[in-house]
Structure formats: C-alpha cells, structure tokens
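Structures for review follow.
Two complexes, one shared chain (subunit A), two partners (subunit B, subunit C).
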Partner chain A sequence: MTEAPATIMLNGKSRKIKQPCSATELLSELGWKPTQVVIEHNGQVIPRSETGAIMLREGDQVEIILPVAGG
Partner chain B sequence: MSNLCIAGREFQSRLIMGTGKFASGELMATALAASGCEMVTVALRRADLSGKQDRFATILNFVDPSKYLLLPNTSGARTAEEACRLARLGREATQSSWLKLEIHPDPRYLLPDAVETLKAAETLLKEGFTVLPYIHADPVMAKRLEDAGCATVMPLGSPIGSARGIETRASIEIIIEQATVPVVVDAGLGAPSHAAEAMEMGADAVLVNTAVAVAADPVRMAAAFKAAVDAGRAAYEIGLAPKRREAEATSPLTGFLNEK
Partner chain C sequence: MQLVVPNRAPLSSEELQRYSRHLILPEVGREGQERLKAAKVLLVGAGGLGSPVAIYLAAAGVGTIGMVDFDVVDASNLQRQVLHFTSDVGKPKLQSACEKLTALNPNLAFVGHETRLTTSNALEIVRGYDVVVDGTDNFPTRYLVNDACVLSKKPNVYGSIYRFDGMASVFAPHLGGPCYRCWYPEPPPAGAVPSCAEAGVIGVLPGVIGNIQATEAIKLILGAGEPLLGRLLRFNALAMSFREHRIPRDPNCPLCGPNPTIIELKEIPMTCSPDDISVEQLKAMRERKEDFVLVDVRDPDEFAVNEIAGSVKLPLPELPQRFGELPKSKLLVLHCKAGGRSARALKFLREQGYTRLRNLAGGITAWEQRCRD
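What follows is the complex of A and B.
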C-alpha cells in the first residue's frame, strides 16, 4: 500500500511530495543535482554527503539554495 | 610588489572581484581572468524550481574553485540571524569557510548595520568562519571587528554600486592607520582612479564589481582596474612626494635669459 503524499514547505511555498521521499529524490524530480545545490532541512544545513539519507516528512521546512553571481 | 596576506593565505593580486551583473557567465570568466584576481564573491539564493534554470544557475561552472578562492556573501540578510543562516549555507554550497559578511536592511542605500554585523561576526568566528565584514567607514567599528577576530575589515568608499568613489576618505585613512588586519575598500569604486586612490592611501586591497561588470567592455575594464591597483600599490610602497602649499620649481633657478 502506498503512503499518502505529504505536504512540505519548499522554498517558502507549499508542495505535495510522494511518500517516502528522500531529499535526493526531490532534487532529481526538480532537475537539480545534489552537487549543484545545498539543502536546509528544518533549519539545519545538510552536508551534501548526507542528502540521500534525509527523508522528507509532512510539515518539513525545506530550502534548496545555490551559489549565484553576486558582489 | 609585496603580496597580500589574509588569515595566513597569500595573494599576489590585491583586486578582489564580485561576480554580479555580468551579461553572461563567459564574459564574467574572461573578465575575472583579465583582472588577475584570486578571490571572488558569490551570493546565495533559492534555486529555481520551475524546471527552467536561470543563467546564474551554474555559476560554479564559470568560476573554478581550484583557481579562485570563493567568498560567499550574506547579501539579502537583514539581521545577524539571517546572515548566520546564509553563511552556513554558503559554506556547504561552496566548501569555503571564507565569508563576506554583509548585513544591510535598507535596500535604498544598502548601508551596513553595525550592530547586527558585530553580533553575526562573533557567532560565525566561533563556528570557524574566516570573516571579512563589509562595514561603514567607521574606525571604532573596524577596531571592534578586528578585536573580535575578523580577518579583514572592508569599509565602503560610497554606497554599493553607486560608482561615486571614496567619499569616506578621512575615516578610511584612520582605519588604515589603526588596523592590524588588512583593510579592503569595498563598494562604490566606479573608476580605476578610485581603486588607485584607495591603494595609494595604503588600503591592502579593493573589491570591485559593478564598475567592471556593467562596462561596455568588462574585460578591458577589468584589466584597467588591475593596472590601477598595481600602480596605486606601487606608489604606496614607494611613498608619494610630500604635499606643499607653495610651488617648488622643478627646473633650475639659474641661467634665466633675463638674468643680469
């Protein structure tokens, strides 16, 4: 039996994700590679090596951030 | 010419470059090479989740971290808390613990918030960051940040992107006189002559972005800034001629045609 989707806050907007869903799976769905971005999960910066181990749950706050041009 | 040393790391170039506002990644990369810089700033923003990645999406494809020391900034932060959050994200994203700490709550003038900057610096220094804070040209603030353990102080010449040059000269002179860490004049340098002026005053380095990025030919302008920084530094190391109120003739004062 598949689990009901969960709703997370992703970059400030509500988004439904399948369950279970790892941070790596979410990135892949969004077209980003783990090496391009950094994830903040419920206020904690996730080391890239641990992205795959992060499972996203109902109500999680997720930010996907990347370096951009700036002064 | 002597090397620049920040937090024990040596740099041959005294020009630090920002990467914002360039028309393309390719142009930015060519301009950075022409500037001779060894350290570049980057910002941090939310990734585009719409599926169409913007032109900044792959900035690290244009800036080789083995060639340039990355200096993630905290632009966008309005408080110490926001700056610390961005700093931690920046460290993981760039794998660089060097940080340009900037906190400016007012978008019109982008002037740095001294109270929040000191608070954030103290937190981040404890977490092992090498902190290069952007500050107003305030000698007392510069001392406080230096005492806290910051690697440099980076006073502004004039507001970010204003191209007005060094309007804070008198205060920057005091900062340079008192500092035991490198002084980097950051913000407002709109012309190579502004960069040369900062270096002649004894600044250890300058940080330039807009003046190069928005130039009609950013690559030649980058080279012009490089030449200006080198010239200004050389002049500082050599020592400028003393200023005088009255003229002092450069030609012989004898053998005039009208002499009797």
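What follows is the complex of A and C.
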C-alpha cells in the first residue's frame, strides 16, 4: 500500500510530495542535484552527505537556496 | 580574528582631517585608518556591485583599489552602475572608474586590470591583494574568483543580485569559514539559472548588496566586528527583509576540504545551454561557408554601434510581428549584445515551430573580444 502524499512548505509555498520522499528525491523532481543547491530543512541546512537520508514529512518547511550569479 | 592587513601606512595632515569621523570611532582610530591606507583591495567587476563598493572603499581611505573589467560603459548600465555617468557611455569602465575614484580621493592608488579573469591570470592578480570583492556577473568567473582566493588564501567578499533579491557572504577557509564550493560544489545545470539571460534587476539593489560587501571588506581590514563568515545574508527589496542562513563548511568540499580534488584553477565553460554556440564555433561556420542565417535581435541604435557582418537585423520587440521573414528551413543563429535577449528570441521562435535554432553565447561582446574579423 502506498502512503498518501504529504504537503510541505517549499520556499514559502505549499507543495504536495509523494511519501516517502527524501530531500534528494525532491531535488531530483525539481531538476537539481544536491551538489548544485543549498537546502534547508526546518531551518537547518542539510549537510550534503545527509541529503539522501533526510525524509520529508507533512508540514515540513523546506528552503532551497539557488545560486545567483548577477552582479 | 587574524588581521588580513598586518602593516600600516602613515597619514598626512590632509588625511587626518578627511577621515576625522573615522578616527573618533574606537573600532577604526588612527591605527585602523592607517591599516585601511595600507590595504589593497581587488574588485572583480566594475559594474552594478563594483560601483558602490569602489566608491565607498575609495571614500573610506582604502589605499589601493584594483579593478578587473574589460567592458565599456553602455547606456543600459547607468540605471544601477553609479560609478559611470552619461558622458562615459562608450568609455572603458576602468577609465571611467579611475577618473571618478581618484577625483573622490586623490590619495587612492588605482590599479586597472583590463582583462577577463582567466585560469592563467587569476592567481597572479589575486596574490597582489589583501581582500577580494566578487562583483562579477556570471558563474564561471565566480568559481574562478572563489578558487583563486582559496588557493592563495585571500578572503572573498561575495555578493550577487537578481531582480529584487540579493545575497552576500564572506568566503575564507583560512579564516575558519566556508568557501563558495562548500555551498555550491558545482555550477548549475545548463539554462537552469538565468545567469546568461538578462533577467532584469532593480537599480538600487546593487547599492544595498555592494554596500554590505564594502562594509565586510572594511571590517576585515580593521579586524572589527563579526564577519559574514559561514553566514549567508539574503535580502529581498519587495518584502524589504533580510534573512540570515548559517551554512557551515562542507567537510568534503572538493576545494577547501581535507582531501581536495580541485588543486589548480580549471576552466568552467561559459556556454550554459545546449542551444548555445560559442563565438569560435560561429567563426568556424562562417569560414566553412555553412548555410545559415545570422539574426541580430538588438535595438536599431545598437546596430549603429557595431555589427557582425552579414547579419539580418530584427529587433526582439518586433519579432512577434516579423518572425515570418525568417526561413524555417535554414539554421538560424541568434545574437544580441551578451546572449540574454537572443535566448528569449530563441524561446519565442521555438514556440512558433522553428526547430533549427542556436544562440550565440556571449553575443557580439564576446565576438568582438575573441573573433572580430
């Protein structure tokens, strides 16, 4: 039996994600690799080596900080 | 905090008067002001961020300011690059910068590096300075600045801007903080971040972020306060809010970690989309007399300044009405000044059913620098 999807807050906007879903899987769905972004989970930056192990749950706050190059 | 400028330079009586509001600050004082005078700061980029950084550092009494830039002042720069005035359009940015900064503070030694920062010159340039301020506008140069600073143990005062958002930090593994690759080990995938597109920027934004960079550079030189090490400060002008993220060093950083895989400067390709072709590729196509149409989507007043011979002129705003003039059967190579507008033109033409499309990466600016006939 598959779990019901969960709703997280992603960069301030609500988003439904399948369950279970790791931080790496969310990034992959959005077209990013963990080596290309900074990702915060409930206010804490996820160490890159743990991105695959962090499981996202209902109500989690996720912030993806994309690189910006303009100057 | 380790001092990045160990030496001091004596002040003249004119300078004592000029910096009197600094001298009464305990955090600056005569010693700090003499350190500022002895300091050498390198600004990479004389544009949106480089302008306010240069103005404030020159005013503050930084003794030597070096600037790396190879661009000329364009009318579209004036909305935010406050170092350059209307009368400077067409002038090299370094000349314009030197004139303004030495007029503001004649005690300043200005050093112009009129070149693109490359893997072959970056270390040599960076090594001549105490602090580096990154005000560039593209990912390859940002990685190059970071890598050169880490390899030569120089603090890198980082700032970047996009539309209404800006960010700033200080990268310095030798001072205990992370480097840019701790956060972003590799550049974004092709076309994912509009670094090569002209996404627009509100003119005041580089003023806010550049002044944060100037403040951090001055603090590093004085050894005062808490530097933005390991902290990313993000600003949004619409919400008028600042947020701070604590982002530590990556123990597996490919550059500043204990087992680095990056031990020398490596080229990061400028080409950022599978639709892009380089100016060198265009040159080769022309030499082989390949069958294609070169389309210049800039504005008519820009055509008058320079052009790549043989191009069809079709300004981007007229494209929705006039795209029918372009053949669907032939390869179309689109170009503008730097590649942003032509990328938008390419997207539009693709939506109209064109399939044989390429965007000239770096636009006519890159062409003139690297391939002019």
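In this section, the second predicted complex is superposed on the first by the 69 of 71 C-alpha atoms of A that agree within 3 Å, B and C clash if a C-alpha of one lies under 4 Å from a C-alpha of the other, contacts with A are read in each partner's own complex, and residues count from 1 in each chain.
The rule is short, and it goes like this: a residue touches a chain if its C-beta (ideal position, glycine included) is under 8 Å from a C-beta of that chain, and two chains touch if they have at least 3 such contacts.
Since this is a predicted model, take the numbers as computed values, not measurements.
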- Query: Of the two partner chains, subunit B (first) and subunit C (second), which one does A:V37 touch, if any: first, second, both, or neither?
  - Reply: both
- Message: If we overlay the two complexes on their shared chain A, which of subunit B and subunit C does A:L10 touch? Say first, second, both or neither.
- Response: first
- Query: Touch check for A:I65: first (subunit B), second (subunit C), both, or neither?
  - Reply: both
- Query: Which holds for A:V45: it touches subunit B only (first), subunit C only (second), both, or neither?
  - Reply: both
- What is the shared patch of subunit A, the residues that subunit B and subunit C both contact? 31-32, 36-38, 40, 45, 47-48, 63, 65-71
- Tell me, which parts of subunit B touch subunit A in their complex? 18-22, 25, 28, 41-47, 49, 51, 53, 56-60, 70, 72-73, 75, 85, 88-94, 160-161, 207, 209-210
- Can you check the complex and tell me which residues of subunit A touch subunit B? 10-12, 30-32, 36-38, 40, 43, 45-48, 63-71
- Hey, which residues of subunit C end up touching subunit A in the complex? 45, 47-50, 134-139, 142, 159-162, 165-167, 183-189, 192-193, 195, 199, 201, 206, 232, 234, 245-248, 250, 252
- Query: Contact residues on subunit A for subunit C in the complex?
  - Reply: 31-33, 35-38, 40, 45, 47-49, 63, 65-71
